[in-house]
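Please read through the structure below; I'll follow up with questions.
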Amino acid sequence: MRPELLEPPSGDVRDAVERALREDLTPLGDLTAALLPAGATATARFVSRANGRLAGVACATETFAQVDPAVEVSWFCADGAVLEPGTVIGEVSGALASVLVAERTALNFLGHLSGIASRVAQFVERAAGGARIWDTRKTTPGLRSLEKAAVRAGGGHNHRGNLSDWIMLKDNHLTGMSIAEAVAAARDRWPARTVQVECDHSEQLVEAIDCGADLVLLDNMTPDEIRHCVAVAAAAEAAGKGRPLLEASGGITIDTVAEFAATGVDLLSSGALTNSAPVLDIGLDIGA
Amino acid sequence: MRPELLEPPSGDVRDAVERALREDLTPLGDLTAALLPAGATATARFVSRANGRLAGVACATETFAQVDPAVEVSWFCADGAVLEPGTVIGEVSGALASVLVAERTALNFLGHLSGIASRVAQFVERAAGGARIWDTRKTTPGLRSLEKAAVRAGGGHNHRGNLSDWIMLKDNHLTGMSIAEAVAAARDRWPARTVQVECDHSEQLVEAIDCGADLVLLDNMTPDEIRHCVAVAAAAEAAGKGRPLLEASGGITIDTVAEFAATGVDLLSSGALTNSAPVLDIGLDIGA
Amino acid sequence: MRPELLEPPSGDVRDAVERALREDLTPLGDLTAALLPAGATATARFVSRANGRLAGVACATETFAQVDPAVEVSWFCADGAVLEPGTVIGEVSGALASVLVAERTALNFLGHLSGIASRVAQFVERAAGGARIWDTRKTTPGLRSLEKAAVRAGGGHNHRGNLSDWIMLKDNHLTGMSIAEAVAAARDRWPARTVQVECDHSEQLVEAIDCGADLVLLDNMTPDEIRHCVAVAAAAEAAGKGRPLLEASGGITIDTVAEFAATGVDLLSSGALTNSAPVLDIGLDIGA
Amino acid sequence: MRPELLEPPSGDVRDAVERALREDLTPLGDLTAALLPAGATATARFVSRANGRLAGVACATETFAQVDPAVEVSWFCADGAVLEPGTVIGEVSGALASVLVAERTALNFLGHLSGIASRVAQFVERAAGGARIWDTRKTTPGLRSLEKAAVRAGGGHNHRGNLSDWIMLKDNHLTGMSIAEAVAAARDRWPARTVQVECDHSEQLVEAIDCGADLVLLDNMTPDEIRHCVAVAAAAEAAGKGRPLLEASGGITIDTVAEFAATGVDLLSSGALTNSAPVLDIGLDIGA
Amino acid sequence: MRPELLEPPSGDVRDAVERALREDLTPLGDLTAALLPAGATATARFVSRANGRLAGVACATETFAQVDPAVEVSWFCADGAVLEPGTVIGEVSGALASVLVAERTALNFLGHLSGIASRVAQFVERAAGGARIWDTRKTTPGLRSLEKAAVRAGGGHNHRGNLSDWIMLKDNHLTGMSIAEAVAAARDRWPARTVQVECDHSEQLVEAIDCGADLVLLDNMTPDEIRHCVAVAAAAEAAGKGRPLLEASGGITIDTVAEFAATGVDLLSSGALTNSAPVLDIGLDIGA
Amino acid sequence: MRPELLEPPSGDVRDAVERALREDLTPLGDLTAALLPAGATATARFVSRANGRLAGVACATETFAQVDPAVEVSWFCADGAVLEPGTVIGEVSGALASVLVAERTALNFLGHLSGIASRVAQFVERAAGGARIWDTRKTTPGLRSLEKAAVRAGGGHNHRGNLSDWIMLKDNHLTGMSIAEAVAAARDRWPARTVQVECDHSEQLVEAIDCGADLVLLDNMTPDEIRHCVAVAAAAEAAGKGRPLLEASGGITIDTVAEFAATGVDLLSSGALTNSAPVLDIGLDIGA
């Protein structure tokens, strides 16, 4: 997998690191580092303490660059790398004070983003190629682009980046409009955009297929219901109609993802990938 | 518990909400909301779907204010409130388009911060008054002050806000200096500041007590080791020495917190409270 | 047409107005307004001096709000309104100094954005429903979302908001890959996203249709070539293949748009709509 | 002409480029560039497609620096250079993905600013040394300093940078004050600042000369009226009075500028130079 | 004196207050205010403890508005008001916690800016109308526009706002150019701008007058030398040449300002007005 | 003394320099530098004109870096260095225009911050080791972290960085609570934080000692009163109670500091150190 694909926009990285360092250092700086002997240097290694998937390397690099450009940073792994307990991820070398000032911020980025990548990778593995794993807009406020990049690092894919990306018609949008009318309005207003329809039951799916939706969200359905919907869509396709992509959401957990993936649905989405992934335990081992 | 205590600085709330809305709406705004009939309005209720503790009300309020100041927002619960499935937290009323644009951002804040408050509250309950629950600097980058406020909403307490708060002497700071020398240097440089020493075993604790540390971190000790340290500190106090506050860290989980709390240690800290708490499930039920 | 559809995200409006006022007032404020007699007030009317289409009302409102919240602002027209010489667009009333300080900034927004809306409206009128008018990413740096909203106010539609919106495969992306391989890679990486292919001749169009592209850019073709492509696409559709939307770009001007629109192509795009539209002449008539 | 004179403040360049890249890449980055083969590189040349004058080089350089500092950028022309169809302006070399990500933003800056410089250069050429070409405060919101630098690149001059620069007394400032009283108040409040008076007819000019205005705006006058004013000013000078600089504004177009310039007026200003200049067509030719 | 004249741009006020509150509250807010009883309110009065001149009212108002819009703020004095020990300047009323959080920030603005206004007022009084008191660019970094407004509040006047305002030719600019050449170049490049020349002795003054400089800085001259320069300028004027404004700088203190003002020079400038003025002692008396 | 201890967080330095350059250059840049001959270069030296203590080197370095990274900057002194008239502090070498553009901003930082360091150093010298010199929160708005670093450069120490640092109980916090209750509440809410109590007379000191305050502010007491308080604290300590650190504030000036320092009090604080220190006279001598 190519690193370029996995990285968030560099401007977002810079901004996020600036905010993180400011909140950790204002107003007096690192009181404890100020006690260190002048000229003390250190070499330190980022080491994984757990199994998982790496993400956040650009943020960690930027953290050291902003704290002290003289610190040398080298990475032995890239975003997306498989980690085991003991995997040495990278190495930094420079003034001990600079290393200590940057340590927690760099680790907070690596841990948070690798936590997301790792959980995504677990889902991907369990889905076993039966369906793709998709994120949602349920991200940590202010970290959308970084977390979406971490999802890619974990082998997952990105759903809508935001409300400006494509049209998603839910119940509340359909007040006084049929699905067909709403899809037509969307096509009219926003040519060439993906139009998605949320369906609670297979009758709505039929309606969505008939009006040519590109993508249908099967919301909170059981695997059996989803299998039924997959069959409905296949029948429609056989009848010469377009077949929308089918996304299932609701109840997708690490325990259920394999069963859902086996239904024939195209995409499985879960907010928990980004808003409930525990941190991946990565440490910084500091030597003399 | 008083709401004023629980809220983060209002400037941080404003900035965080601005970033969150920008990342969800740039560059074209909400494509789907643009299809709604003109003049459509809605009343919607924030409802908890789970047991937990509320946090993030200020962020949710600010989200609606930034999207559309004409939306009326009223809250039936404040930060720190106990939530059950079905608890109605608050109500918003205004243009349907505005409600839908703000919905996900407001929920992302409420879910993330209430998730932290809820996990903290579980730890506090299990600790049963035997020790206080403390957060760490292991927070989500850019959300430090909001997450620390959520910890307070959950009944926990705040450790160092950042590196500028107090002195914490770890292994890496003690290169070429004894604990006593380092504490003396800290007192000399930073009068009246809390000085904390990290100890791996009780011999270091004795050293820290002898040089008058205010606070000692007992790092990665078992409950038995901690109990021994508590006894060591008590003996020192009986001998007329000052007794530092004792913090235990490492291995504190929802399953072990009660046992650790029963050791007599003063404070139990865990990075997982802020960096690994799953979101609390809160929804917005939208009516006509 | 509904105003909600036409407005840019309010955060972008606030930021743009802040920048504009800062650059017009730093560091000493309005030297001339400082000479006005204390207590002088004024009522002033925004009046169109030309035929056109209105855009930028939210920016003008925000300008007065930031300069002096006590200035009363009322609008008789909304974004998208047809303007003629003499059309009274809105009225402001308050301290004369505040009105004069805000005047140029408000007019710069109204003039620039209405200029875009007006040019778009001319294209739309000439196209006469034969094809939709689409903008591009050729916008003024920093004003993307405001200019895209102005395009909507003029009756046009929005192409990609930015590089993050959908996939657009041009020559330079196809190094070492066939169109079919590139489209397949795009579908694989970015499920449910619009995939667009740029074609220089109809052979490429056939290739793009065969691999199921959603949208094809017919680049720099003559009306005759476009007509041929429209026929090719129709034939493919008749043969049971999907028919992509067809966009023509290159050489679309106010003089040629009608001819291009009559070719049967779906969408006509032109960078000149946003990067070369002259300002619409709108003035502020200030009374006592 | 020296490049240093032509460039805008570097802080403004950095900010403008940051905003432009953010709006083009948020939140997911360049979806299409992510499909490129790893390690692909390119050399590309900025080439003019039209006759004109170059501006915006600092912005283009900064765009590549922010996207990828490893891209090598070299320029064969500086701001102010005369361009013809085919003129190779500069060359960039580096990762193909980086070049494609930066391309549109760099071109948007170059095209917009060179468009302004080119129109200014046309006016300057037609004026043939008979009067100087002056810009106004009618600039694109947020781009004032960049556009004013582009005016200099085109051989024009800068009028007031903003409201804080000098005093300009218009009708609305003269409520209840004579010109003489207003000029005296301005001299009193703001010593050593340029004081300008707007005049609609030559009687006002006499009044402005008598009270020692530094600069007079002859507003919306015909060439004949302006010639009369020039004579009035000359007569006053011959009579030992100071002669203000005379600026004409209103109706100055590429077709009329020569006639206005021949009247003997000192300065000709036009908002259209900055707010209505079409983009200059510059492309990026990408090689392997 | 009119308040409108004295106030800095409102955008600068907002930004400065945001920064000041952030640096005083990040990351945990006011730890002590969090201990106050819920519902406690207070009324408090800003009272001068010294003789001086008021400045900074807009900043203090904005501070309370940002901390808590529910706090009521009313002012009995405006910027520029004469203060004595005991003068009640204004009153705030609202939640005690809000008042205490805002107190120091509001006082820091009022004290710093009133300190500048007060020192300026002393200089103005001593100058006794014999010369105007001018500030310089020697301001506190980041507070230029606020401090320049405070100078106006003290009865002083504003020299150049910044490097973009007018031309000031010093020794270092005259390498390889005569004064006459440099002034001519300035007139050529920047029509209608004030051109100032720094002179160390009266021969240079003659040269500056001969080439028509608008303003001359007499640098580090004694009162006698200045008197000589005033005579030189008067003689030139009598001879029909233009007379530049004369500014004296260097050695102007509260003790010498009267003597310098009596020389006939037009303007006396001192960096100490803005960069060395002690704070004016203003307190906040808090009642129940 | 180690430089690392003295420097403010680098993010704060970057932000402060950006703001300072923007306010000095917007919107047209340095009009005068634009007249310099192309290719002119200069070497210039920062030279002290007075006795004092250096601070602000990081800000000056950053100023040149932002204006023109090609300017070479080298320092012969670090923050905290003792300066005499004629001390050469550092040297810059590069384009003359760049040196002149950066000059005033760099000097404003150096002068302001060195002014603070110099005054602090005077206090430290007079205190002669008898008490430490402490700053306050009475800093220039927006420059807190830079000024606190300057205090360290002068040999002083930092009191609370901000309201989030530790608890300080003043009169207004004690409404309806005794000192003992308030201290207990503070210990309860904010474990391990410094708790400070403000006392107006020695009875309050006794109360503060009895409840275990860490730090007591003796507010506006005479040296005799302070001596009495020192004795009270010593007696308490002899009686086996903890002895808080004693801070005296109010009336501490360069003339009185020695007398106050001789009382046996631990810390002497004065707002005047940061909000009323005159600038230190440092110049930039520019050679060819």
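Per-chain residue numbering starts at 1, and chain names A, B, C, D, E and F are given in the order in which the chains are listed.
We adopt the following convention: a contact is a pair of C-beta atoms (placed from the backbone, for glycine too) under 8 Å apart; a residue touches a chain by one contact, two chains touch by 3 or more.
Everything numeric in this text was worked out from a predicted model, so none of it was measured.
Student: State the smallest step count from subunit B to subunit D, taking one step as a move to a touching chain.
Tutor: The least step count works out to 1.
Student: Which chains are in contact with both subunit E and subunit F?
Tutor: Of all the chains present, those in contact with both subunit E and subunit F are A, B, C, D.
Student: State the chain with the largest centre-to-centre distance from subunit B, centres being mean CA positions.
Tutor: So the farthest one, by centre of C-alpha atoms, is D.
Student: Over half shared or under half: which fits the residue numbers at the contact of copies subunit A and subunit D, same or different?
Tutor: Counting shared over all numbers used gives less than one half: different.
Student: What pair in B-D, C-D or B-F shares over half of its contact pairs, by residue number, with E-F?
Tutor: Matching more than half of the contact pairs of E-F: C-D.
Student: On a CA-centroid basis, which chain has its centre farthest from subunit E's?
Tutor: Here the answer is chain A, farthest from subunit E.
Student: Between subunit A and subunit F, what is the separation of their C-alpha centroids in Å?
Tutor: 44
Student: How many angstrom lie between the CA centroids of subunit A and subunit C, rounded to a whole number?
Tutor: 31
Student: Two or more other chains touching the same residue: where does that happen in subunit D?
Tutor: 5, 22-23, 25-29, 33-34, 36, 144-145, 158, 161-162, 164-166, 189-190, 193
Student: If each chain is a dot and touching chains are joined, what shape do you get: line, ring, star, complete or other?
Tutor: Here the contact pattern is complete, since every chain touches every other one.
Student: Where on subunit C is subunit F touching in the complex?
Tutor: 22-23, 26-27
Student: Which subunit E residues qualify as touching subunit F in the complex?
Tutor: Per the stated touch rule, the residues are 16-17, 19-20, 23-37, 40, 42, 59, 96, 100-101, 104-105, 107-109, 111-112, 115, 137-145, 162-170, 172-173, 175-177, 182, 185-186, 189-190, 193, 271-272, 275-279, 286, 288.
Student: Once bound in the complex, which stretches of subunit C touch subunit E?
Tutor: 18, 21-22, 25-29, 33-34, 36, 38, 66-68, 95, 97
Student: Under the stated contact criterion, what part of subunit E meets subunit D in this complex?
Tutor: 5, 132, 134, 157-159, 161, 164-166, 189-194, 196, 214-215, 240, 242, 245, 247, 266-267
Student: Subunit D touches which residues of subunit A in the complex?
Tutor: Touching subunit D: residues 2-5, 7-12, 144-145, 148-149, 158, 161-162 of subunit A.
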